[in-house]
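For reference, chains read A, B, C, D and E in written order, and residue numbers begin at 1 within each chain.
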């Protein structure tokens, strides 16, 4: 398409979007259902003091289950697109003493922070995703410093990636074995089960994000993992 | 105008900008950046609009948290594809 | 049991088709036996049903396809006429095809679609309502296309494309007509059932205009297959197909499906009386007359045997439509009986053309000089068929033309006599020279391409005997027209029931 | 009972990800059997006891998320299970040539199924968003599997379209939540009124979903993605994946936003559908590659689905009912036929070693079953009887007559002829006697699974009553699911 | 505090425009990270500390790193293509 025409079309579409969104936002009708109130009322029953974690892992845990599946799909595709004969890692980076030293001090700090964030998720802001992201950040930094982590795609790596999902699904299904609905937590166990799930999820999410980074095709993959089982 | 509504409106502007950028930019990376920023704009609307009416609402906040994770997965996948495509000799800015 | 008999009739060729498709190419004998067994079985079943119909047994099978729309297979007198014709000619055509295609590639595919084609024809014959008719009408298009392009040459593929353009277009038009019929007229789902004398006359007069429009849409859809001018263009082109296919297309399946559909619409949907009142019959009669003359004129110009026969078909099939338009029992008889007579005569002619081509490599009329001595039986059969077409008494064609003429006088359409006479003269004009060449001209040089040497018979037995048999039939249909089981008596039965109330 | 249909694919996704290769091969068939069995059981349950509302985690909507199993969704569940089963059987034999791709095909396959089932059952708008993302990403992953330059580009374009589409959808969800404070579809369909916010939300979601459904003129990403992927992947994508976003679209227009949509908008949607039919058919007629032909055919056939909107909105109840029934049948028939067609074409390409239509001569001798499967599915696509496609077209035509919308009537008739025009290109060439290349034999399972699907498309013409009577089961209980017309 | 909110909102818009208008991809990515950090502050203004945390860690942090890393790959691929004029086999 002609460039000016393209800009004209895009501009029209964008302006239309802007106008429509602003109209929709400024003339929004009065809300009828008060969902925050319902959350507050049921918070105690959910076994989690922090409302957002309660929504994520109890009220709307189904969304979260599928969301973990999305992460898994992304990483599975990432693994599928690894290059077998990728170039070896740029070794200069690994020899950089500054980076190495920095990494050694930074890594424990990041990991401890992530544990704290995970822990605080049950009563204050924080939770598995943020903690997992920190774990991933730690992993990425370690990777940049030349540590060889998660570069092998053997069954252990896949297990690690899927562990959080497996646990989540198992807990969800076991509810059905006890005659309760799918994704229901047994009475009184909700808090601890959710914490357990979150802890494992943190690990899996961290590993997933690291893998997506490490196995991305390009110069950063040290060597393609073998596909042997 | 509450600050929630203000940020929702900012979200609307950001969405419109990103739509423009998504349609005009040629580079696949740029498009991906536009996608991420557009996501942020949508998230602002998602949180700002209901909070404007009934105060802090944990539900959309939880939804946005989900949305952020989905967005990062999608971005990571797109980047993997992009890298592989470029290494296969493809042009990232067709 | 009486409900399932129509299904069995259909199934004999449908199952045969499936089995033949599955059967690998090399199982020649098994395929032949399967084919023949199915053909004979079908004739038996049809005969049982014909006997039943004569004794007022009701054969009906009903299955709800969509809410309020049924697939109906029902045997009535008219359907048995067509079914009987198809089943008998199927047997002969199969025999002929076995001989014709001996040693040719892709026979499994050919006979598979051949059976499928007969199944569709049977479905058309037995369809109990417009919807069912449409289903099998479209199925017929699909199953004949592979036969038309069977040879796989560029020429046949081109012909196939033309064939598809016409027939799929016609199918779409018919679909429009049928859909309109169901959507605008027939909310109850009963008026589109094929019933004697039709049911539409009960409708209020405001709907009459709609009905007339739908009538012409339906006729336009059917007219493509019935090769009404100007929708006949596919027929001469489709001549590239193997001879048994041409015989099938022209004598039994495709053109007859169209003509039969026209008869069904006039008699069993609208009712001939109501159609006459609507004033839609006269235009159709004029169109049919134009087709009759035009087809004959074009046939006169052709130098190729099969092309000449093709245009002759264009002309002859319209006799059926013409007969259906003549209001009155005699005209009806003429049209309906011609459905049968034209089938038998035309299949004979195509068999003969195929024999000349296969045995001596003769495709052009000018090469036929003196063939009568080399291939006497075939040439006698051809002569019988040709004389029948011209309408020489006491052959089958004469019966049709006689009834058509009387019927026209009855209906007060005297001009039709003129059309008939002109057409007969033209028929004579394009058939007699061939007959003359066959018998009275001396042989000029060697045959163009002699495949089959004269041995015990003039040609391969499987090519010869079906030809002779159909020729005998066309002679008998005329000679014994007064017999209780002749086509004429059966057509009279149908006409009698149509005009009874 | 209902969540079983989510648990099975999710569990098998994990199993196929973790288990060693020979185990993966061994568990595919049991998994498929379980899936089909569960879908059929659910169908029977719904048929006997009526639609069900399943509150996940025992939290009632709107606080929690509910799964809604009504006639429409269980029909689609059964369809998904059936088509997926046959595609999987095909894939087992097809992928023996692709050992590396095979490793990751199965987890993605099962995740794709989970996403589809999740979407059919979803009773919550945001949950639909997550389902759409799961569907989109696993579909993109499957397209990209072969990692060739062209498929990677196709996957990238597909991914971008999917992401942009779901964001547009999410923006609509955000507005609806801002306006009504709930995400439950059942609640929203009771509450949603004709105000600007709702209409803007619907418009945004519609654009997003049109992009994801590849409706003309937003179809640009579909042909390369569907035409470039491995045959079983193309089959799944064309038969099922694009239908998911259409399903949501139909849900939004006829249920959630039924009061907010206008007749003009519905006619505009129909115009897009007509554009899709004409443009897609024309492109299919032009292309040289057989897989592209089938892919463009999908573009065209999706256009018929769009005719639902003008035929069902702003017309009499009877006409709307006919339109609705016709659309369902078309969706089912196209799913079967198109899956069969992609599988058949995949087999032919495998046998010939190329996909150039003009060099297809002689293929009818060596792979008659695959060609026959192609033919049968083509019959359904052309809307010729007897087939599911014909019944669908018939109902849609009747609906157009009943509401007097002759322009759509004409579009459908011409569309059928156009389909015939491009489909017969393939037959024409396949009847050519001379084979220009050596033609290999293919595994019978490949040909037979294609044939089975094609036969289903034909058989649907005889058992249309079944899905239609299931379809009528929509009202769960008073005041939950708004009556779909 | 209203002034701050207005400034922050405008900052977000500016950062976003910057990302789109910049001709250098590297600058775009840096501005994208800036945008993410501004957004994290915005979330605290909307009383959503969870989102602030997530945005800082995932949205800005991780996504930014992924983008930067990809940028490196793209650059190398470009150099490679330039150095070897003939197409890869």
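The criterion applied here is as follows: contacts are C-beta pairs under 8 Å (C-beta built on N, C-alpha and C of every residue); 3 or more make two chains touch, one makes a residue touch a chain.
The UniProt protein names, listed by chain, are A = Sodium:proton antiporter; B = NADH-quinone oxidoreductase subunit K; C = Monovalent cation/H+ antiporter subunit D family protein; D = Hydrogenase 4 subunit B.
Just so you know, these numbers come straight off a predicted model, no measurement behind them.
Least step count on the touch graph, chain D to chain E: 2. When the interfaces B-D and A-B are ranked by C-beta pairs in contact, the top one is A-B.
Ranked by how close its mean Cα position lies to the mean of all protein Cα atoms, the top chain is D. Chain geometry summary: the mean Cα position of chain C and that of chain D are 43 Å apart.
Per-chain CA centroids place chain A at a distance of 29 Å from chain D. Taking each chain's centre as the average of its CA atoms, chain C and chain E sit 76 Å apart. Put simply, the C-alpha centre of chain B and that of chain C have 68 angstrom between them. Among all residues of chain D, those that touch two or more other chains are 126, 130, 133, 137, 140-141, 144, 147, 171, 175, 178-179, 181. Annotation for chain A: residues touching 2 or more other chains are 17, 21, 25, 28, 31, 34-35, 39, 52, 60, 63, 67, 70, 73-74, 77, 81, 127, 129, 209, 212-213, 216-218. Counting only residues that touch two or more partner chains, chain B has 8-9, 13, 15, 17, 20, 32, 43, 45, 49-50, 52-54, 56, 59, 61, 63, 65-66, 68-70, 72-74, 76-77, 79, 81-84, 87, 89. Contacts between chains, counted with the stated touch criterion, involve the pairs A-B, A-D, A-E, B-D, B-E, C-D.
The residues of chain A lying in touch with chain E in their complex are 52, 117, 125-127, 129-130, 133-134, 136-137, 140, 209, 212-213, 216-220. Chain A makes touch with chain D in their complex at residues 17, 20-21, 23-25, 27-29, 31-35, 38-39, 42, 58-63, 65-67, 69-70, 72-74, 76-77, 79-81, 155, 158-159, 162, 165-166, 169, 173, 175-176, 180-185, 227, 229. Contact residues of chain D toward chain B in the complex are 126, 129-130, 133, 137, 140-141, 144, 147-149, 152-153, 155-156, 159-160, 163-164, 167, 170-171, 173-175, 177-179, 181, 183. Contacts from chain E toward chain A in the complex involve residues 49-50, 52-54, 57-58, 61-62, 65-66, 69-70, 72-73, 76-77. Across the interface of their complex, chain E is touched by residues 3-4, 6-7, 9-10, 13-14, 17-18, 20-21, 25, 27, 29-30, 32-34, 36-37, 40-41, 43-44, 47-48, 51, 56, 61, 64-65, 68-69, 71-72, 75-76, 79, 82-83, 86-87, 89, 92 of chain B.
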